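Structure in structure tokens, see below.
Labels run A, B, C and D following the written order; every chain starts at residue 1.
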Amino acid sequence: MTVAGDAADARAGGTGFTHCHTVRVRYAETDAMGVVYYANYLTYFEVARVEYLRAAGIEYRLLEEAGTVAAVTSAHVDYRLPARFDDQLSLWTRCASIGKVRFRVEYEVWREADRALIVSGYTEHALLAHGLLRPARIPDWVRAGIEQFEASRRGTPETVVFAERSGGGGRG
Amino acid sequence: MTVAGDAADARAGGTGFTHCHTVRVRYAETDAMGVVYYANYLTYFEVARVEYLRAAGIEYRLLEEAGTVAAVTSAHVDYRLPARFDDQLSLWTRCASIGKVRFRVEYEVWREADRALIVSGYTEHALLAHGLLRPARIPDWVRAGIEQFEASRRGTPETVVFAERSGGGGRG
Amino acid sequence: MTVAGDAADARAGGTGFTHCHTVRVRYAETDAMGVVYYANYLTYFEVARVEYLRAAGIEYRLLEEAGTVAAVTSAHVDYRLPARFDDQLSLWTRCASIGKVRFRVEYEVWREADRALIVSGYTEHALLAHGLLRPARIPDWVRAGIEQFEASRRGTPETVVFAERSGGGGRG
Amino acid sequence: MTVAGDAADARAGGTGFTHCHTVRVRYAETDAMGVVYYANYLTYFEVARVEYLRAAGIEYRLLEEAGTVAAVTSAHVDYRLPARFDDQLSLWTRCASIGKVRFRVEYEVWREADRALIVSGYTEHALLAHGLLRPARIPDWVRAGIEQFEASRRGTPETVVFAERSGGGGRG
């Protein structure tokens, strides 16, 4: 495959993103306009985030059982094109930053059939002790898991993306 | 109003039912067929059930805070006509039976604009101690609340329904 | 009521906002954390927007039947406090700007019981000819309806909010 | 593998069912009781049905593009055990009967971790000409697709189920 080909491939599937998980649009997720209802992209972001964390060695369920929840402090979506019933969507994800108590996750949703960017967006999170409202310090194993995962997946975008698309290591 | 008129009115709005709560169809609840997605009627049933219980003096939230949950053991829906975005729907509800640990609630959903029956159905419930799987005995105050509510609302269908529609006592 | 009281009242319910609609949290809208799932605030925003437009004389259903849809181009939510099952929420809404093809709506969601701000956010929209991807010019009657509604509701925040809370003119 | 082992395996995963598709429970699908909200099983049934039809050579999207919709006429769910966030669920499906205009699909949802039956249920459907309320005759290619699929998958339950579980032919 030529470099130009790689670059086109990379652009089609989330350059700079480190994880990809595929979902298929359910009828339940569409609305009377015939497209995915706008709130459901936040559900896709949740699925992408859970699978991203799992790939980084962090089972979200275990985090909760240890008495911690990752509360959302803000969410943002930019809508580019509508997705429709039965579309296969690639949910590209990366952790853009991680501090003492907060982290930020970014997303791009691409339609696989025509490699079109459907939406992009981000969510910001604070770790909370379960049942309380005060932020808790992100445990070292969580921070280390995310940092190592990001480092291992980043490189030249072509390499990363090529590995994702052919190996499917990060796909669900 | 003539008896015939009363009877027609009663048929249009849930003869034999003892409580009515109105909802308006949200865009989120429609699907690509342009109608309310079939699973969402179970959500309407939940709203109807919570408001029915509130009218009978039973705040569902208090029930939960007392360590009890009303688990659903079965649910059934018969779909007659499709409802659409922005339709105002009357959710008619009654408690059809109540035993030691189980109770059954029945529903009819009518569109207000043309008095058309949209769906009918029922849910069956068992009271559980929160976090456990074994049924718990329905507390006396819950049973008494439901029985008194049903007795107070039942009568000739015309009377009940007329009171509902004009007085709105049971409406949320 | 004193001016100080008015000011407190205004702060509690969306100063500068021009419309209020109340919803009650459904069980369906909560998640395993015991709070409203984060995506569902976008559904509340939709309900608030539809009722805002209706109060401004614009039935969204008629807009659609005329072959136009108000596509969302971006959405943003800042989460302050969690809301729970059965909470009554005030959805405060205003149109922050309206151009030739785009408009922006802002929201605050307050819990009525303790007058706590739950979330704030906005959505941005472009009018599209139904089935097409190209923006359409906002019809004059839509722009006029929104501008007149905003002008009629704006004034000193205290006055507006007081009228809202006691008269309920804008409540659904 | 012994016959006894096969039988246990078959019982654990939907004896007599002809198709299996796996989903993982999303946080969005849970409720404040910490379990999957009861209406969401109808969404799982939809996902199961669409994948069943795809395996039988019937793309639901094509059916719709040909001007036909498979309207639900009734739905039923029996709830046995609660499922929780992140559970992997096997959605077992079969077409129980198919007439001139109606067909019935049956489902069992099993949790993979402990091979526990979570819910069972069915949906009944009538084919409608899109936008009309009158049933349409099921096209021959649809009936033939379903009948051939059922015939090819049915046999001794042990054989069918074993093939499903090891080969994953029917899994999404």
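Assorted remarks:
Note that a residue touches a chain if its C-beta (ideal position, glycine included) is under 8 Å from a C-beta of that chain, and two chains touch if they have at least 3 such contacts.
Since the model is a prediction, treat every value here as computed from it, not as a measurement.
Most remote from subunit A, judged by the distance between CA-atom centroids, is B. Each of C-D and B-D has its own count of C-beta contacts, and the greater count is at B-D. Centroid to centroid, with C-alpha atoms defining each point, subunit B and subunit D lie 29 Å apart. Note: centroid distance subunit C to subunit D, computed from Cα atoms, is 40 Å. Of all residues in subunit B, those that touch two or more other chains are 27-28, 32, 39, 43, 46, 64, 85.
Those residues of subunit C that touch subunit B in the shared complex are 24, 26-28, 43, 46-47, 50, 59-61, 64, 85-86, 172. By the touch criterion stated above, subunit D contacts subunit B in their complex at residues 32-33, 38-40, 42-43, 46, 64, 69, 71-79, 81-82, 133.
Residue ranges of subunit B in contact with subunit A, taken from their complex: 27-28, 30-32, 34-35, 37, 39, 84-85.
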